[in-house]
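Both complexes below contain chain A, partnered by chain B and then by chain C.
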Partner chain A sequence: MPLIGQLALALALILAAYSIIANVIGARRSIPTLLASARHAIWAYCAMVTVAVAALLVSLLRSDFSLEYVASYTSSSLPTFYKITALWGGQQGSLLLWTWLLSLFTAVAAFQNRRRNPEIAPYALATLAVVAIFFLGMLNFVTRPFDMLAAVAPDGQDLNPLLQNYWMAIHPPSLYTGYVSASVPFAFATGALIAGRLDDSWIRSTRRWAIFSWFFLTLGNLFGARWAYEVLGWGGYWAWDPVENAAFMPWLVMTAYLHSVMIQERKDMLKVWNLALIGMAFGLTLFGTFITRSGVISSVHSFTQSGLGPYFLTFLIAVVALYAALLIWRLPKLRSPAEFESYLSREAAFLFNNLILVGIAFAVFWGTLFPVLSEAVRGVKITVGPPFFDKVNAPLALGLIFLMGFGPLIAWRRSSLDSLAKTFASPALFGLVTGVCAFVAGLREWYVLAALSLGAFVLGTIVVEFRRGVGARRHLVRESAPAALINLVAKNNRRYGGYIIHLGVVMAFIGIVASSFFRTEIKKSVHEGEFFQVGPYSLQYLGLETTETPHVETSRARIEVRRDGKPIAMMLPAKLFFKRNQQPATAVAIRSTPAADLYVVLAGMDDQTGLVTFQVFLTPLVFWLWAGGLVMAFGTVIAMWPNVRERAAIAASLRAAAETPVVDEPLRRRA
Partner chain B sequence: MARPNSGGRLAHAAMLVAIALALIVPIAVRAAATVSAQQIEESLTCQCGCGLTVANCNHPNCEFSVPAREQIEAMLHRGMTGPQVIAFFRHKYGEKILSAPTTTGFNLLAWVMPFAALLGGGIFVALAIGRWRAHPENPAPALDSAARGGADDEMRRRLERDLREGF
Partner chain C sequence: MPGKAAMPKKLRFAIGAGLMVAAIAYLIVTAVRNTAEYYMTVGEVKAQQAALDGQMLRVAGRVVPGTIAWNPATLTLAFGIAQPPAQDAAASGLRPVAITTAAAVFHVICRGQPKPDMFAPGRDVIVEGRLDRDGTIEARQVLTSCPSKYAPKQPGAAQ
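Our next item is the complex of A and B:
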């Protein structure tokens, strides 16, 4: 198996290199057979990487401890499920997963564009293959997944206990899918720059890829937060750790990009900005991988540190420099007719939304790198932690939430103050009333009041927009209200999917604010049978049970939760001890309701006194963070859903592009 | 209506952004008047390698955060102020124990840069919109539907297009 895997990776490298040459020469000399050959090479390279992944999976499942990777990240007693997830539990395997996803997406893009985008697609596919060459180069020469041990190990060292959790099974693949799929729009942007096809056809052709990437970045961040919530046992879910930041930044920039391209599609403006944004998004995905693997910045999420940092940094700098050079080269051809009538317009609101999103991304980037900068300049190690990121980003988040309600309802080109008053009167009143009610109810934190008011304002704008659409449909088409709602969303899925995403963002935002401000924590040591109080809940410790498997020893406490004297739940927090690598871990117990999460950690046991210590967190509204994330995902699926009208628009755009000469023909003429 | 000249627009844009920042920055850097043990724990980074603050360290028997929390409580109990407690830990472990950069010297750059970048970006966007408004390459005399008579017209037009296209 290892030999098959190594051979497959070597062949994949050769095929990817060939596809670059064939695509570039085929495009420059307009040789269809060569372009077809390049496509076949891409599909073959994808097949080879798939073979390598399959070979490593089989080795993991067979516990082939002659393989260094298998011996480092699994053990014979590791459950089968985690033997599979060990594929991305280590350095080489996670790079292999990355490369496999890239090869799959490249193969799909090659298939999608076999008869369209003849100018851009070959260069885009060549760009994707260049990225693949870097990763395949790493896998073939620097960090090889199929390296053998000198002697077969009797057993493996086991997977890190923190990774033996189902959220870790889905968090890295989701995040990688988001990271890697961002390379498709980036590659098409690069292709458009090289080919000189600078209209919006590259955006339309890759719009679904961009949303797909955003969807998985959203899920990746959400699952990562949930993993931290359940596994790290500190009652929180986000600590502004460098690796969390590295996953958050591309999400922010992709969000800005998805809003900004609407202006280009609508008004043919901001071409340079959109190209810059997608370049930034891709650069940040590479930066994220660099941060995770380089060890430059320490992180609780980094399980794969190695000496790969210099390679990634060199590649990152080369990609950014080359892309910037391409952009500068094409700058004179990227000037577009500017048509802006008013600051009170949707395009202006989108621009300010972009400013804040990129501003937050910059603040996060700056805070993440500042310790390195400080050490380089002053020789002093410092920490930039949650207080910095909270203070800098909190006011920006409020601005963003406001624009989320304001932007979509304001008209394109310009709005009068009268129409603004008419459109926003109800949502603004709703927001104000919510804030006043919260104040009367006793809330005094200005930020929470502002967040609640703005959240209610955005919710109001969404309701107004849906109500207006349903009302108009009922009036014009004579439909029932449910039918009008379904048809409204189905026929304008991009717009209404966007509103649903906004609803999810508001839900998540309220969850984040409430859980950050009002979390209470209690640490209590009790004997068996004793009660202790946490908020409205009375908790009784009923005893400890110990179970053992060949892999892990579990001490599980039983806690009965009562409210108003009535038992409402049995919670089972546990301490785990992983035998193979002699490491402890915590399994928290969570009782989640829309009002609050009761979160119990078994913090310690004293065998001599019989005292058991519990750390209990009562976190209000954190439920809405996860619910909001799912609503965002649901909205994204609606926005991504194939739409006949959109397909017609893409076809028209591609037809128009085909009939228009490219802005620069030197590449073809030189050929 | 006459449009303001470019200098006036610059001043106008700068003023708008300055007002916005004048509202935002004090909020962002506001300091708490009183400091609780929890706040002190939040402002110190655990040195066990967990990467979290002393308040949030996830190791139940952590060799650093557990004694540090007890020490903070004891020091506050003895009448030391929050800044004195933090200064004690800083003196003992160095600047890396602080969970956020100080607001003096080179570290001030950490706090200023995000807002400076936002200010620069804000001025750039405001100026760009101002310039595009001053020299529209494709001037459009008509106001859009929302400006003319309300957003419902736009909605009606969209629905009519749906029906026309057979959706």
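Our next item is the complex of A and C:
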């Protein structure tokens, strides 16, 4: 098995290299057979990486401890499920997974573009293959997944207990999918720059890839936060750790990109900006892998040097420099005839939304790199912790939420104050009333009041938009209200999917604000049978049970939760002890309701006195963060859904692009 | 290039965007000023102990075996930290390594927090807190390294 895997990786490297040469020469000399051969090489390289993944998977499942990777990250007693997830539990495996996803996406892109984008696609596919070569080079020469041990290990060292959790199955793959799929729009942008096809065909052709990437980045961040919440046992879900920031920054920039491309599609503006954004997004995905593996920035997740840092940094710098050079070289061809007319226009709102999103990304970048920068400049390492990120981002988030309500409803080009007043009167009133109600109810923190008002304002604008659309359809097509709603969304899925995403953002934002401001924490040491009070809940500790499997020993506390004297739940927080690596782990008990989460940690056990200490968090509205995240995902699926009319439009624009050398896309009005 | 008449419009937007950028820069600068903490190793803190008296610090060091006192009833964790031996720090990083020679340099007390799961003798930790005159760090937080997925080779680490 290891031999097959090793061989497959070597072949993949050769095939990927060949595809670059064939694509570039094929495109330069217009040789269709060579381009077809390049395509076949890409599919073959994808197949080879798939074989390597399968080989590693089989070795993991068979517990082949002659393999260093298998011995380092699994053990014979590890459940099968985690033997599979161990595929991305270690460095070599996670790089292999990355490479595999990249090969899959490249193969799909090659298939999609076998007749489309004849000018851009070969260069785009070559760009993707260059990225693949870097990763395949690492896997073949630097950090090899199929290295054998000198002697077969009697048993493996087991997967880190923190990773023995079902989120492990979905968080890393989601994030990787998001990271890696961002390289497709980036590759097409590069292809467009090389080929000089600087109209928006690269954007249109990869729009769904960009949303796909954003979808998985969103889920990846959400799952990561949820994982931290359930496993780390500190009651929070986000600590602004460098590794978290590394996943958050590409998401921010992709969000900016998804908005600003709409301006290019509609107004033929911001061409350079969009090319820069997608370059940034891709660079940040590499940067993310770099900082999680280099040890340059100390993180709770990894303190160590893995030796890959210099390779990643070199590649990152090379990619950024080359891309910037391409962009500068093409600047003269990227001038836009159109320009901003008025601050009171949708394009202006989108511009500011972009500035804020990139501003947040920059602040996060700055805060993450601050220790390195301060050491380089002043010779002392200075860190900025979570308070820095909260302080900077809190006001920016308010601005963003405001624009989220304002931008989508305001007219393109320019808007009169009259029409503004008409459009925004009721949402603004709704926001104001919400704020006043919250104030009367006793809330005094200005930030929370502002957040609630703005959240309500955005909610109002979304309702207004849906009502207007449904009303128009009922009037014109004479449909019933539910039918009108479904058709409205189905026929304009990009737009209304977007509104649903915005709704999710508002929900998540309110959840974040409430949980940050109003979390209460109680620590209590109790004997068996004792009661203690947490907010409206009365908790009774009923005793400790210990169970044991060959793999793990569990001490589980039983707590009965009562409210108004009535028992409402039994909570079972636990301490686990993983035998193989002699490592304790915490299993938190969470009782989640839309109003508040009750979160119980078994913090300490004193064997002599029988005293057990609990740490309990009561966090209001945190439920809405997760719910909002799912609504965002749902809205994204709607926005991604293939739309017959849009497909026809893309085909038409591509035909037009093929006929005229440089096209000025006629503005098409969404129906 | 757009005509001359269009320039003021462009300028107006440049000013708006510039103000936005300036506002973000201002936020970043003030936030850095208010939240910066020194990040130092035990050895560095030792070298300038007098100057750091009462400062908020993040100190990276290694838990000295045999100095750990954990009271689960009051959630009080006390231990000593020392500078990891130089060559060893890079090579083995977060894996528990028996330190026999290094004596505890600073005494750390962390109250009211559960003992982190990854906390163990010989582990590398980051302690966030204030340094007292007598060399005790009143820790607000003790961060343990999560033995990373990307840890380098760990020969014989698991017993």
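Simple rule for what comes next: the second predicted complex is superposed on the first by the 655 of 671 C-alpha atoms of A that agree within 3 Å, B and C clash if a C-alpha of one lies under 4 Å from a C-alpha of the other, contacts with A are read in each partner's own complex, and residues count from 1 in each chain.
Here, a residue touches a chain if its C-beta (ideal position, glycine included) is under 8 Å from a C-beta of that chain, and two chains touch if they have at least 3 such contacts.
What you see is a predicted model; the values in this text were computed from it and never measured.
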| item | value |
| --- | --- |
| Overlay on chain A: chain C relative to chain B, clash or fit | clash |
| First, second, both or neither for A:Met148, with chain B first and chain C second | neither |
| First, second, both or neither for A:Ser94, with chain B first and chain C second | second |
| First (chain B), second (chain C), both or neither touched by A:Lys422 | first |
| First, second, both or neither for A:Arg473, with chain B first and chain C second | first |
| Which of chain B and chain C A:Val377 touches, first, second, both or neither | first |
| Touching partner for A:Tyr343 - first (chain B), second (chain C), both, neither | both |
| Partner chain(s) touched by A:Arg293 [first = chain B, second = chain C, both, neither] | second |
| Chain B versus chain C as contact partner of A:Ala411, first or second or both or neither | first |
| Touching partner for A:Ser525 - first (chain B), second (chain C), both, neither | second |
| Overlap of chain C and chain B interfaces on chain A (superposed complexes) | 233, 298, 300, 337, 339-341, 343, 348, 351-352, 355-356, 359, 362-363, 366-367, 370, 374, 380-385, 387-388, 391-392, 395-396, 586, 601, 603-604, 613, 615 |
| Complex contacts: residues of chain B adjacent to chain A | 24, 27-29, 42-43, 45, 49-53, 56-58, 60-61, 94-101, 106-107, 109-111, 113-115, 117-118, 121-122, 125-126, 128-129, 131-133, 135-140, 143-147, 150-152, 154-156, 158-160, 162-163, 165, 167 |
| Chain A-touching residues of chain C, taken from the complex the two chains share | 1-2, 6, 9-10, 12-13, 16-17, 20-21, 24, 27-28, 30-32, 34-40, 58, 60, 70-75, 90, 93-94, 112, 114-115, 117-118, 124, 126, 128, 143-154, 157-159 |
| Residues of chain A defined as touching chain B within the complex | 232-236, 239, 241, 298-300, 337-343, 348, 351-352, 355-356, 358-359, 362-363, 366-367, 370, 374, 377-378, 380-388, 391-392, 394-396, 399, 409-416, 419, 422-423, 446, 468-469, 472-473, 476-477, 487, 491-492, 586, 601, 603-604, 613, 615, 644-645 |
| Residues of chain A defined as touching chain C within the complex | 68, 72, 89-91, 94, 157-158, 160-163, 233, 292-293, 298, 300-307, 335, 337, 339-341, 343, 348, 351-352, 355-356, 359, 362-363, 366-367, 370-371, 374, 380-385, 387-388, 391-392, 395-396, 523, 525, 580-586, 601, 603-606, 609, 611-613, 615 |
